[in-house]
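Read through the structures below before going on.
Look for subunit A in each of the two complexes below; its partner is subunit B in the first and subunit C in the second.
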Partner chain A sequence: MTTNTAASLIAFGKRHRAALAIGFLLIFPWLMPYEALAVNILVLGLYAVGFNLLFGYTGLLSFGHAAFLGSGAYGCGIALVHFGVPWFASILIGVLVSVFFAAIMGFLAIRTRGIYFAMVTLALSQCVYYLFYQAVNLTGGENGLRGINLSEIGILGFSVNFLNPTTKYYVILAFVAFALWLFSRLLASPFGAVLEAIRENESRARACGYDVARVKFIAFVISGAFCGLAGALKALHLSIVPIETLHYLTSGQVVMMALLGGMNTFFGPFVGAAAFLLLEDVLTTMTSHWQLVLGAVFVIFVLFFPKGIWGSALAWMVRK
Partner chain B sequence: MSGLTLELLLLQIVTGVALGSVFVLLAIGLSLIFGMLTIVNFAHGAFYMVGAYMGVFLYGLTKNFWICLVLVPLAVGTIGLVVERFLVRPLYGRNIDDPLLLTFGLGYVFIESIRILFGLNGIPFSTPAGLRGAVDIGIGYFPLYRLFLIGATGMLVLGLWLFIEKTKFGLIIRAGARDPEILKVLGIDVSKIWLLVFGIGTGIAGLSGILAAPLQAVTPEMGIPVLAEAFVVTVVGGMGSLIGAVTAGLMVGIVVAMTSLFMPEMAKVSIFLLMALVLLVRPQGLFGRAGLMG
Partner chain C sequence: MSEIILATRNVGKTFGGFVALKDISIEFERGKLTAIIGPNGAGKSTYFNILSGAFPPTTGQLLFQGRDISALPQHKFANYGIAKSFQITNVFPKLSAFENVRVAVQARKVGLNPWRNRDGYAEVNRRAHELLALVGLEARADRTAQDMAHGEQRALEIAMALAAEPVLLLLDEPTAGMSPEETRVMMDLIQRLSRDRTIILVEHKMKLVMGICERIIVLHHGELLADGTPDEVRTNAEVKRVYLGQGRH
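Then we have the complex of A and B:
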């Protein structure tokens, strides 16, 4: 009886994963100590979900996703600051810029296999870092891109105060909700099934007649687009794009989030982002060396809880 | 580009070779571990950084650079042994990405521990007495320390080659890189070999750290860009190949030196373009992967 209830509960959850996730995110700000943190989790959660399309669902470990978060953020910010593009179009431009970089990096990276992939993506994202670092006129170089002042935005003819944290949360949530819905549809599509087939057995997927290299490339670009959207939203949220957005550690951060949360689950990366940022929020008040704890926690998760928080919780529910 | 002479060009090439020596050392350590254990050590840059700090610390104690050159690789290698035995070993047989993720997390722990022990700011490491100044090498004056760096790398590569190619232990390592199963059947404890190879690989990373320390400031973050550069060298040369690591390391060094001379704004990006080119033409790297010695 209990097994049935749990199983049907999980089946229900899986069926309506996007709706449930969005429903949870609607009440999420009231569960957080302050709204800015909720917005951070929302944005970086989307970043982790986008990354997880590659890591969790396709089985490709990229260590260069900061390039997409960063180029999305810079693309959006530069369009707003230097060219006076409206905010909505700026977000689109941010996504397109990250798609551009994802196409180049993906084209090169999928030529390698297995363990090389992580190294090549890391090296290429380091290259993107230097490119943006040196284009001081556009990006502000070391100081980051400043001056993204978005106070009043027009949505469908209404003027909305973007400085109010609650309003800001729900405006950004609208984009994240759309992305999550799209993501869920993508995974449920035949394309999503091919991704998982490649993760489980690449040679077999190839033998079934799928063009594995092309599928990987498309997955890479889509993943980059989601991360680029997260980057654009991050730029609007922080009103500055620090150069660290493109840093190796930002690439590593998303790997940590996805693994901490649970890489083989839909909602896991969000849980991971929340766990990561809450841990940071609590620990930084106690010590300036919080990354020591972070590194140690991560090592413990790799060793003993490779399914992550959400993945382990789901597994526990099924067993019960 | 006025005053560009043949001498200047040649000097810049020698500079590139000196720079490449550090890349060679880093890539060899990385490649050795990968060739045996099929693990990409993401903490390699952190081991390099720990080597530099260990050098600072031991130089302060002993005041003797040569003793440090022996002690640092031993100390860093010992850390490597502990890491392999207690953290990496439980992961064998699991997902191929797991050891990579583990060493990545370990990098955080190393960097933060060093920050706690030595502070956030960089520490200058002066060139050891006896290796200061410049010497005339026929085409102009060249810093003595960099010449020493080239020589030391050459000797280490030669020693490692002899060790792997000519000793009985090296034979076991080569066999292990080809087929660990057969080695087990022959009654050799492979896990001990893996332990030792991880120790040697990280020891070389530590050695490259102390050797590179006089060329730059010693900071907790110094290993991060180095990791990306070591990956570029490994991808260009071909994973698991000693010859590949040496060739690609020198090549990358010379490319950096040449672009710094002609297009300084491209110096940082050039090696990644080189890597992109190699990936397009020969994705398995210049010397592919056919056993450890390729």
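Then we have the complex of A and C:
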């Protein structure tokens, strides 16, 4: 393949990245060993993509994004279980709850940079963890939130069986697809350009006349909203919200996923989430020391393929 | 005398106990190309940073068209029509030359609109290409900034500064680290730009600015030493002693 056709192919792929990603996700469940895993990847893929808005595109490493996945999941679950809110509105409530926490955390965290930013987000997400942990009446505390029983859902007047894994996958995909499309638009917009400018050179962006603190805050909240949506969908998928959703390990996991897949690409974090969950799925059946293998894979990628799986694949295609 | 565009009134700056600038009062006229020179440690960069809003003065005032802007945050300076280029190369390294300028143009014309595609703004794209052409980089539009030569990066920076359509352009050592050839190209560019703009530049090498500037200000140990036309400054005995004398050793 000549460089020219490869380059134009890449350009085409970049322009239609959302459509291509959604197209791939439409056939994705047929490639997976079982549907529940596909739904897991779908949901955590969205979580990683949302996280990457801050990490890959704005250059801010947050160690507290579990707070948004978790508060989105709890927000949605609590609305369904305790208040009998319809499923569709519950998802919206989940997103709003995560936006609320993202606004508070973002407001406090964007004043800091680098390692301090990571530490502040980590500390604040731990506060969110304890808040939900202590509110036992609403959240179930240590036992997690149980009783999200969504068997039949109404979509545009039709009743759909949500217990059928294939149906469930496509219902959730509808939300993820919308989110990916929105995300791609956002990145292609002038706002997206400013995010990259801030990542590249914050003081230069400021000298251009951009209010860097404001842009970072907005990016933080939007990132939180995407992760909150992922959380809400996760709650519907699992029928339970384990307290671990808010745990800092969940925050660390998403950093691994983004790095594994490729933080400087649109679809990389999704690929990273898929690789992470697939490896976990395969390895846990083989050995109880699966985390050791996963850790080794992670280290190998960070050391030798810093662009991640997807980023390296794209770079390889361009070279070829 | 023509209109005063920028002025400092009794401006001083101290860092901890160190006095970097003492009581500087200077008025800059619209349309002129002015150079601020001085030996190392003269306070040039401190003064430049105050003029460009990188930090506020400890004492005194910075007046832009008669308005006190001493306490204005940095990003507002661009809105007022003051643009600067930096002493160290300061671009967006992993973005293309075109995208560097486009983002800078966008700051003024579009802002943060999250709903439209950035390629859809014909006006912004046209202006970005114009500015690249103005600084002689149109052939380099798709090159990643970090892969460009040092002189080209500095020219790119100036294109970015011009994107704000500034009434006042501030340049901090525009030829620092450049080869003689690159320096000549840059000085030509500055002279060309100065025809229809107000430019204040800080320079270490006095010879460079003598030929092209209309007014030269000499700082020494944080104080104003001399202020006048290149000829006046060249013949000033004090300047000869502290500045020109050094070069002959």
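Brief remarks on what is shown
To be clear about the criterion, the second predicted complex is superposed on the first by the 319 of 320 C-alpha atoms of A that agree within 3 Å, B and C clash if a C-alpha of one lies under 4 Å from a C-alpha of the other, contacts with A are read in each partner's own complex, and residues count from 1 in each chain.
Everything that follows uses one rule, which is that a residue touches a chain if its C-beta (ideal position, glycine included) is under 8 Å from a C-beta of that chain, and two chains touch if they have at least 3 such contacts.
The model shown is predicted, which means the values in this text are computed figures rather than measured ones.
Of the two partner chains placed around the shared chain by superposition, neither subunit B nor subunit C is touched by A:A273. Once chain A of one complex is fitted onto chain A of the other, the partner contacts of A:L53 are absent, as it touches neither subunit B nor subunit C.
Contacts of A:V95 after superposition on the shared chain: neither subunit B nor subunit C is touched. Within the superposed three-chain model, A:R206 lies in touch with subunit C and out of touch with subunit B [touch as defined at top]. Among subunit B and subunit C, the chain that touches a larger number of residues in subunit A is B.
When both complexes are overlaid on chain A, the residue A:A197 reaches subunit C alone and has no touch with subunit B. In the superposition on chain A, A:R185 makes contact with subunit C only, while subunit B stays out of contact range.
On subunit A, the patch touched by subunit B and the patch touched by subunit C do not overlap at any residue.
Chain contact summary for the complex, subunit B toward subunit A: residues 34, 38, 40, 42, 87, 90-91, 94-98, 100-102, 104-109, 111-113, 115-116, 224-225, 227-228, 231-232, 234-235, 239, 265, 268-269, 272-273, 275-276, 279-280, 283.
Per the touch definition, subunit A reaches subunit C in the complex via residues 185-186, 188-194, 196-197, 200-201, 203-212, 215, 218. Interface of subunit A with subunit B (complex): residues 61, 63, 108, 111-112, 114-116, 118-120, 122-124, 126-127, 130-131, 133-134, 248-249, 252, 255-256, 259, 289, 291-292, 294-296, 298-299, 302-303, 306. Interface residues of subunit C facing subunit A in the complex, by the touch rule stated above, are 74-79, 83-84, 86, 90-95, 99, 102-104, 106-108, 110-119, 121, 160, 163-164.
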